[in-house]
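Shared between the two complexes below is chain A, which pairs with chain B and chain C, respectively.
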Partner chain A sequence: MPPTHQRLFYREAIVRALRETMADDPRVFVMGQDVGAFGGAYREFDGLFAAFGPARVRDTPVAEAAMIGIGVGAAAAGLRPVVSITYMDFLMLGLDPLVNYAAKLSYKTGGQLHAPIVIKTTAGAKGQGVAHSQCIESWLMGVPGLKLVCPSNPADAYGLMVAALEDPGPVIFVDHKKLFPVPGDVPVARYRTPIGTAKIIRAGSDITIATYSYMTRVAHQAADLLINEGISCEVIDLRSLIPLDAALVAQSVARTKNLLTLEEGQVTCGVGSEVAAQVQRRLGPVRVHRVGALPAPVSSNPVLEAACIPNAQRLVDEIKFFINATNPECLHP
Partner chain B sequence: MTRHEMLYSMKLIRAFENALAAHPDHGFQLLSAGEEAVAVGVCAALAPQDQLLTGGRSIGFALARGLTPAEVMAELLGKSTGTNRGKGGRGHLSAPAQGFFGAHAVVAGNISIAAGVALARLMTGDPGIAVVVFGDGASGAGILHETLNIAALWRLPVLFICNNNQLSVSTPRQAVLAPKMISDLALAYGITARTFDGMQVDIVAEAVANAVQAIRSGAGPAFLEFTSCRFAAHSTAARETRSRDELQRLRLACPIMDLTAALLTTGQINHEALATMDSDVSDKVAAALNFADASPFPDAAEALSDVF
Partner chain C sequence: MIYKLSVPAIAEDIEEFRVLEWHGGIGTPFNTGDMVVELETHKAIIEMRAGQAGILRVISVPDGAWCKIGVPLGLCSDSLDETLPEQTEATADMLVEFEIA
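Our next item is the complex of A and B:
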């Protein structure tokens, strides 16, 4: 029997999804900074240039607005581009074609045109400082017309990339810098992870932690530590932020009675705020606590970066306070 | 397109816009009186397989490209029989099946999109080219420079056309753009670029035809600037900043009157034929208005369709 799974690094799972889909579908191509022979800043495009050549793996100048605009135009005209924006911070430079054009295109043309584009970008802190570390996923969550996925492991990275490449789009695909070298088992057979489905990645009974991307690992670490304290954590990997699978979170919270949201970005108008609101719409008032970065820039200074971003010990402390608090949202003055 | 047809097309645009502006429910509209020669000259030089993209001031281009006055009027008045089922409206007319990829009302917002359309054509071997029209107001935007650079590098089959009507809402072009000619912007990227009189439809049509031919032969992108003149305020809701006297003087150089005079002088048209043309244009516009007025608004449920 041939093996059913293969061990891949996260970055290799991305390459595999792209390579397979590009071989099947001549409309799919990649454009971005250093995506060609260099193989991408995190080697997440490794080998594609050799396999498909410069016409389908296009190096671009540093011009995020035009990269996204040209990608969106090519998508509207029938291709399926993958535009790589090296850092999510620089997505800001290309928001006009993404938000004002791509997200509105199907609607404003009365269904005549669509923008099946994947914008692949990388968020999160890894020592790169105030303008190369931000997680601004929640900025996009209020834009009708966009989809947004944030995988946390190689298997989901593969499945969500395949799904994104087949979606009518536009899809924003957000990696986390610390995930690229993470290994995991990936099914050998081609599959897609449906966009808009969250997953319970750890069963528990006392509290629901709704999180995504790299913070799923922090949630696991905290949950391990809390076993000794007699607190059982259920961890949900949201995987997609648009659409948001609030139903699964609500089912969990109906059992645990406690919802903690965990993100690496800001809690103000953050992912957790939206998760909490959608869960409360389903269940009525529930106990909610939001955890995220401190309300400050993320420094490249290792001490300050670590102080800003949630880690396992901080999460343990937050959960213990939350479980015991009578009015959890008053934890922090 | 013959000179007769170009005159007819310009007259249709003028009459259509006048009728739209007089419609009590027109909301506010971006009109183009004075700039008809650019719209008609550009479209006269395009083939059916080409795609035209424009800025928000797009009525003239949509009509010159061959969209019916009825479907354009319906769209501009928000009716479900419009080109975009009433969902795009002013500044977002779109009919890609007719070679009008569409208008986009963000100033400079369609420039990179057009380069993307051109890239799709290049990669699929489609013989059509992409043509994007933008104003002098868009020429100070960074996206123009980013796109010119990539279009030149990748030899994209795209024609950049600056319809320089010399006013960005109220701000004169000289006050906000440093280059002597706007077409100078493209020269730095090795793109063939020239400036022409945009008030003469023959000149526009010939310049565009030459550029299109070069692009079709694989020469890469080209850039044309046409100097035109907007006879009315930025929109039907905007304040006019020019004096009555100045406007009267500007309107003397009218592309429709100029072509009419030229055709009369050379005996290519007579007054009887002109009268027939005018009455045909009026009938078409009246029919378009009747069609739009008789058409329903979209159902409110349409607010949630085609979003994802």
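Our next item is the complex of A and C:
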């Protein structure tokens, strides 16, 4: 029997989804910095230029506003662009066409036009300093019309990229620098992971950790350490932030009675704030504790970077504090 | 003497890699500087070259298979008549060099 799964690097899962979809759908094309013969900053576009040529795999200058503006226009005109923004920090330059045009196009035209664009971008801290490390997913969560996915492993990266490429859009696909070295098993048959579905990736009974992207790994590490302390952690991979699967988180919290949100970005108006609000709307008052980066820029100094970003030991300390605290948010500003 | 072919942490963030291609089969002799096996990480193709002469005796991780950092890829020996051990833990590491292709 042929194998049902193949082991792939995260970048290979992304490029497989693109290669298969581009072969099926001539409207799909890729544009971005170094996506052509170079194959992408993380080699996540490897082989596409050779397979589909320069008309469908287009190198651009360092001009994010123009890249997203052109992509959104091409989408409105009937193509299906994938725009690669190498560092999520520079998505900021393209927010006008993304937020003011792409996200509102279907609404504004009474459903006559859509903007089926996928913006693929990379977030997260990995030694690159204040303007190449940020996780700004939560900034986009208040924009009606957008979707945002943030897969934590190769299987979800493939399934969510396929779903994004088939979606009426616009979809922001956010990966993470530290996920690229991690391989995983991916089904050989084509599939899509529905946008807006979270997943319980570790069953537990004492606390629910709602997290996503690279922080799922930190949550697993902390959960492993806490077994010895007699604390059983359930870990939920949100996978999609817009729409947010708060129903699954609420089901879990109804059992564990404790919700801890974990993100690499800022906690103020962060992903965790929204998760907590939506869970409380379903369940009434629940115990909540938010963990994220300290309120400081992410330094290129490795000591300061590590101090800013949540790691397993800090998460262990936060969870022990939270489980034992009578009123966590009041005690721990 | 029997040696194991080990891959240390080639870069800080690599946990697992793919064996792309062995350059020679069981019994192939090699000299210092010869390419023994090509490895693929998330970033690059890495050539594993012999740092001493020897003979390839065991391939534990074949072409296309995955290997975690620290797990031996195979065994080598100075001469063909040396008996292979049942355990690989006790054997010494063969001298190797890594080059990014």
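Criterion: the second predicted complex is superposed on the first by the 331 of 333 C-alpha atoms of A that agree within 3 Å, B and C clash if a C-alpha of one lies under 4 Å from a C-alpha of the other, contacts with A are read in each partner's own complex, and residues count from 1 in each chain.
Keep this in mind: a contact is a pair of C-beta atoms (placed from the backbone, for glycine too) under 8 Å apart; a residue touches a chain by one contact, two chains touch by 3 or more.
Keep in mind that what you see is a predicted model, and the values were worked out from it rather than measured.
*Asks:* Overlay done on chain A, so just call it for chain B and chain C: clash or fit.
*Replies:* fit
*Asks:* Name the contact category of A:182: first (chain B only), second (chain C only), both, or neither.
*Replies:* second
*Asks:* By the touch definition at the top of the document, which applies to A:110: first (chain B), second (chain C), both, or neither?
*Replies:* After superposition on chain A, A:110 lies in contact with chain B alone.
*Asks:* By the touch definition at the top of the document, which applies to A:324: first (chain B), second (chain C), both, or neither?
*Replies:* neither
*Asks:* Once the structures are superposed on A, label A:70 by its partner contacts, choosing first (chain B), second (chain C), both or neither.
*Replies:* first
*Asks:* Determine how wide the angle is at the CA centre of chain A between the CA centres of chain C and chain B, giving a multiple of 10 degrees.
*Replies:* Taking chain A as the apex, chain B and chain C sit 130 degrees apart.
*Asks:* Classify the contacts of A:9 with the two partner chains as first (chain B alone), second (chain C alone), both, or neither.
*Replies:* Once the two structures are laid over each other on A, A:9 reaches chain C alone.
*Asks:* Which partner chains sit in contact with A:43 here, chain B, chain C, both or neither? Use first/second/both/neither.
*Replies:* Second partner only, chain C.
*Asks:* Does chain A have more residues touched by chain B or by chain C?
*Replies:* Per-residue touch count on chain A favours B.
*Asks:* Touch test for A:228: chain B only (first), chain C only (second), both, or neither?
*Replies:* In the superposition, A:228 contacts neither chain B nor chain C.
*Asks:* Quick one: smallest Cα-Cα gap between chain B and chain C in the superposed arrangement, Å?
*Replies:* 30
*Asks:* Where on chain A do chain B and chain C both make contact?
*Replies:* Common interface on chain A, chain B vs chain C: nothing in common.
*Asks:* In their shared complex, at which residues does chain A touch chain B?
*Replies:* Touch residues, chain A against chain B: 29, 55-56, 58, 60-61, 63, 65-66, 68-79, 81, 96-97, 100-101, 106-113, 144-145, 147, 168.
*Asks:* Which bits of chain B are touching chain A when the two form their complex?
*Replies:* Answer in residue numbers: 51, 82-88, 92, 94-97, 101-102, 104, 106, 109-121, 123-124, 130, 142-143, 146-147, 149-150, 153-154, 305-308.
*Asks:* So in the complex, which bits of chain A are touching chain C?
*Replies:* Residue positions touching the partner: 7, 9-11, 42-43, 126, 178, 180-183.
*Asks:* In the complex formed with chain A, which residues of chain C make contact?
*Replies:* That would be residues 13-16, 18, 41-43, 66 of chain C.
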